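Shared between the two complexes below is chain A, which pairs with chain B and chain C, respectively.
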Partner chain A sequence: MADPHQLFDDTSATAPGRGYAAQQSPPVGYPAQGSFLAEPMSSFAMTYGSTLASHGKEIVDKNIDRFIPVTKLKYYFAVDTVYVGKKLGLLLFPFMHQDWQVRYQQDTPVAPRFDINAPDLYIPVMAFITYILVAGLALGTQNRFSPDILGLQASSALAWLIVEVLAILLSLYLVTVNTDLTTIDLVAFSGYKYVGMIVGIVSGLLFGKTGYYLLLSWCCLSIFVFMIRTLRLKILSEAAAEGVLVRGAKNQLRMYLTMAIAALQPLFMYWLTYHLVR
Partner chain B sequence: MSGFDNFNTDFYQTSYSIDDQTHSYDYSGGGEPYNKQYSGYDYSQQSGFVPPEMMQQQQPYTGQIYQPTQTYTPTTAQSFYGSNFEDEPPLLEELGINFDHIWQKTLTVLHPLKVADGSIMNETDLAGPMVFCLAFGATLLLVGKIQFGYVYGISAIGCLGMFCLLNLMSMTGVSFGCVASVLGYCLLPMILLSSFAVIFSLQGMMGIILTAGIIGWCSFSASKIFISALAMEGQQLLVAYPCALLYGVFALISVF
Partner chain C sequence: AAAMAFTLYALLQAALLFVNAIAVLHEERFLRNVGWGTEQGIGGFGEEPGIKAQLMNLIRSVRTVMRVPLIAVNSITIVLLLLFG
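Right, the complex of A and B next:
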């Protein structure tokens, strides 16, 4: 073998075959040149390194489920174009829709693809990202744009979303409501208002302040009605949800809670958009 | 091939630097991410040639098409090439750059109305997308915008976002390399847009229409390839929308 400190044979001046002839026909993993790599320890170390890496990858794959419930999330993304179209129409005009109950299939709710009343996460996520981009566009047309403003808008909107979801969770806990609303459901419902916000901002860009106020109030009204009708079925007791007047402090409290949650939406919609339209 | 020093002095991770090659290719600039992708390749020099899975051309490409594997096999790729100089495979084969496939994928992008074949994305190839990103940055440079960092940053974040979204939306999962490869290839029309920006400004009405058209073209072909590769039905518009958002950000960089 060559000098072990030299990493490769110098074949610059000689025939190419010189340094190679000493090696046998190499199986995978053994170089023709490079004495240090031909030692058995090196190949062992290499395979050890590769097993370490694949082991690490396995650990990540196993534990990712603990922090992010991937299969549960997949339910919320099982959407198709028809559903998204109908849902957007429902968000902007919920007044004609009659049946707001989510269909169940043996204890599990049906995927959003098959039931328009089921909440999904595709629309909120896309609406959030679109809101950030439209905000950047709005600021750009007023010459107030810089790339870090986008990050600022994004983080402030996200922070308000988290605050809202936490507040709703807290109030649901305090009122001791027995409901099957999960956190992801609440995130989805809170995310639906971004659709209205985008409509408001775009109309503000196109038609000025009057357009902004007109369309924003329309969207506020529709999201208010949408939230009340959706949450009524989830938070109130069965009888009250069907319209029968059920007296009692509990139901009244729940009714107030529903209305408060629904009223929070227009508030946030105005708060997060008014500074974008001048 | 004398200074063919492609064995790793860097022991634990392949840092096969294409720049060291005595041959200079245009792809050498795209060294780093390509190396990481490269390390997943599984070679077997001794046992014949792995027949390529996509054989769509008339002239058969009898070289080895290296399929990227999930298992991590470092350094086996570079560390051997036969005992004789004549036994070494051609450089492009070893690098895994297959011009035929690159050209085919480019054609698929350029004909948005042609139905895509689902199998073309079986091999993730980051050489083409790297070239396209560089070309995009270069055309931006011609207008005086030195924004390579933004281009790379946005493409990284966008690829990550699309990767998460597609994994959640599709039945079968998708690998990150596949997403990056598709999105990179569909960046090609955006290069046309930014080269237009060199000639005349895009801020008029004509520019807006052109920008909208090109964004639509990019996202339509990207969603078409994703749909056919992942067998998702009824979701093409849903996949096209986030692609349109991503390419819209690129267009924003070109226009403003």
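Right, the complex of A and C next:
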């Protein structure tokens, strides 16, 4: 059983640590492709250039973690084919799944490839890009396509995504929910609806408006159930999440918040796709 | 299809206007009369603050934090809009 802390399989063929230790010796293996390369000044220039490049790369590597949490992002992309398949099935049919709790490994959540309940960013990113392409396809079949429409669709969908995540963050802050939901988790959850949108648009292309409405309602329903079951465990307190009816204004408010977040998804799914299907 | 014109640029504009709107809410003349003044928001220590207290806290924090950056961003926006329409 692979160590769950190791996110990715190690496929490096070369031994680690070889990269920058070689910066002292001049780069080897440069065939003399002409008198230009054989001159001492140009070989010195190459050495200097490669030294500069490796220095720059070190500085970038040291500082990149301040702006983009690269290690945290890597966690969200640690997926494999089995996980993606099962997760897509779960997104489209969440009704039979029983255990929605994310498994933990010594305080850190297990990587997505080992736990189907963990959120990932691979599916949302791929679904977003596919949605843009399918939207272009749909517009093309109606002779409404032009290349800048793709960019417009992309930035529009992205803007709505940002608005949605900010709204969810604001409401979570106002209700003082003590949750371990990170912003990236919210982006991942908001990105799952693109899968349903793609299914809706494709069925609209294949089967016309009735197919679109049928499959879109099904996807709306499944994403609604999916979001409620996933967020319930994160937002509500322990007791309420078990299904026990816990009275109290706080838990009621949190339940309303969960339902509101889940209800936003079908709304956006319809809003972002209805103009694509005629 | 009119909703499709919601670009990232429009989002930036809306965000800037929204933050400006929060920044111009005057403590003494307005917020206190509505009951959203900062002294009225402090509740007990043991309780969790309610939504209203959180909102007032948020408004006060946004005003304090964004006061100086807003000056810079507004000036840049004015210059850019004057130059490029």
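Simple rule for what comes next: the second predicted complex is superposed on the first by the 221 of 278 C-alpha atoms of A that agree within 3 Å, B and C clash if a C-alpha of one lies under 4 Å from a C-alpha of the other, contacts with A are read in each partner's own complex, and residues count from 1 in each chain.
The rule is simple: a residue touches a chain if its C-beta (ideal position, glycine included) is under 8 Å from a C-beta of that chain, and two chains touch if they have at least 3 such contacts.
Remember, predicted model here, so these are calculated numbers, not experimental data.
J.: Could you look at A:Gly49 and tell me whether it touches chain B, chain C, both or neither (first, second, both, neither)?
T.: first
J.: After lining up the shared chain so the two structures overlap, which partner does A:Thr273 touch, if you call chain B first and chain C second: first, second, both or neither?
T.: neither
J.: Which holds for A:Leu152: it touches chain B only (first), chain C only (second), both, or neither?
T.: second
J.: Report for A:Thr130: first if it touches chain B alone, second if chain C alone, otherwise both or neither.
T.: First partner only, chain B.
J.: Given the touch rule stated above, what does A:Tyr122 touch, chain B (first), chain C (second), both, or neither?
T.: In the superposition, A:Tyr122 contacts chain B only.
J.: Pick one for A:Tyr173: touches chain B only (first), chain C only (second), both, or neither.
T.: Only chain C; A:Tyr173 stays clear of chain B.
J.: If you count the residues of chain A that each partner touches, which comes out higher, chain B or chain C?
T.: Result: the larger residue contact count on chain A belongs to B.
J.: Considering only touches as defined above, state whether A:Val84 meets chain B (first), chain C (second), both or neither.
T.: Once the two structures are laid over each other on A, A:Val84 reaches chain B alone.
J.: Answer with first, second, both or neither: which of chain B and chain C does A:Gly140 touch in the superposed model?
T.: In the superposed model, A:Gly140 contacts chain B only, not chain C.
J.: Considering only the contact definition stated at the top, list the common interface residues of chain A for chain B and chain C.
T.: Of chain A, no residue contacts chain B in one complex and chain C in the other.
J.: Which of the residues in chain C end up touching chain A in this complex?
T.: Answer in residue numbers: 1, 3-8, 10-11, 48-49, 51, 54-55, 58.
J.: Give the list of chain A residues in touch with chain B in this complex.
T.: Interface residues on chain A, with respect to chain B: 7-8, 11-12, 16-17, 20-21, 23-34, 37, 42, 45-46, 49-50, 53-54, 57, 70, 73-74, 77-82, 84, 122, 125-126, 129-130, 133, 136, 140, 145, 147.
J.: Spell out the residues on chain B that touch chain A in their complex, using ranges where they run on.
T.: Listed in rising order, the residues are 1-3, 5, 7-9, 11-12, 43-46, 71-76, 79-85, 150, 165, 168-169, 233-238, 241-242, 245, 248-249, 252, 256.
J.: Could you pull out which chain A residues touch chain C in their complex?
T.: By the definition above, chain A touches chain C via 152-153, 155-156, 158-160, 162-163, 173-176, 250, 271, 275.
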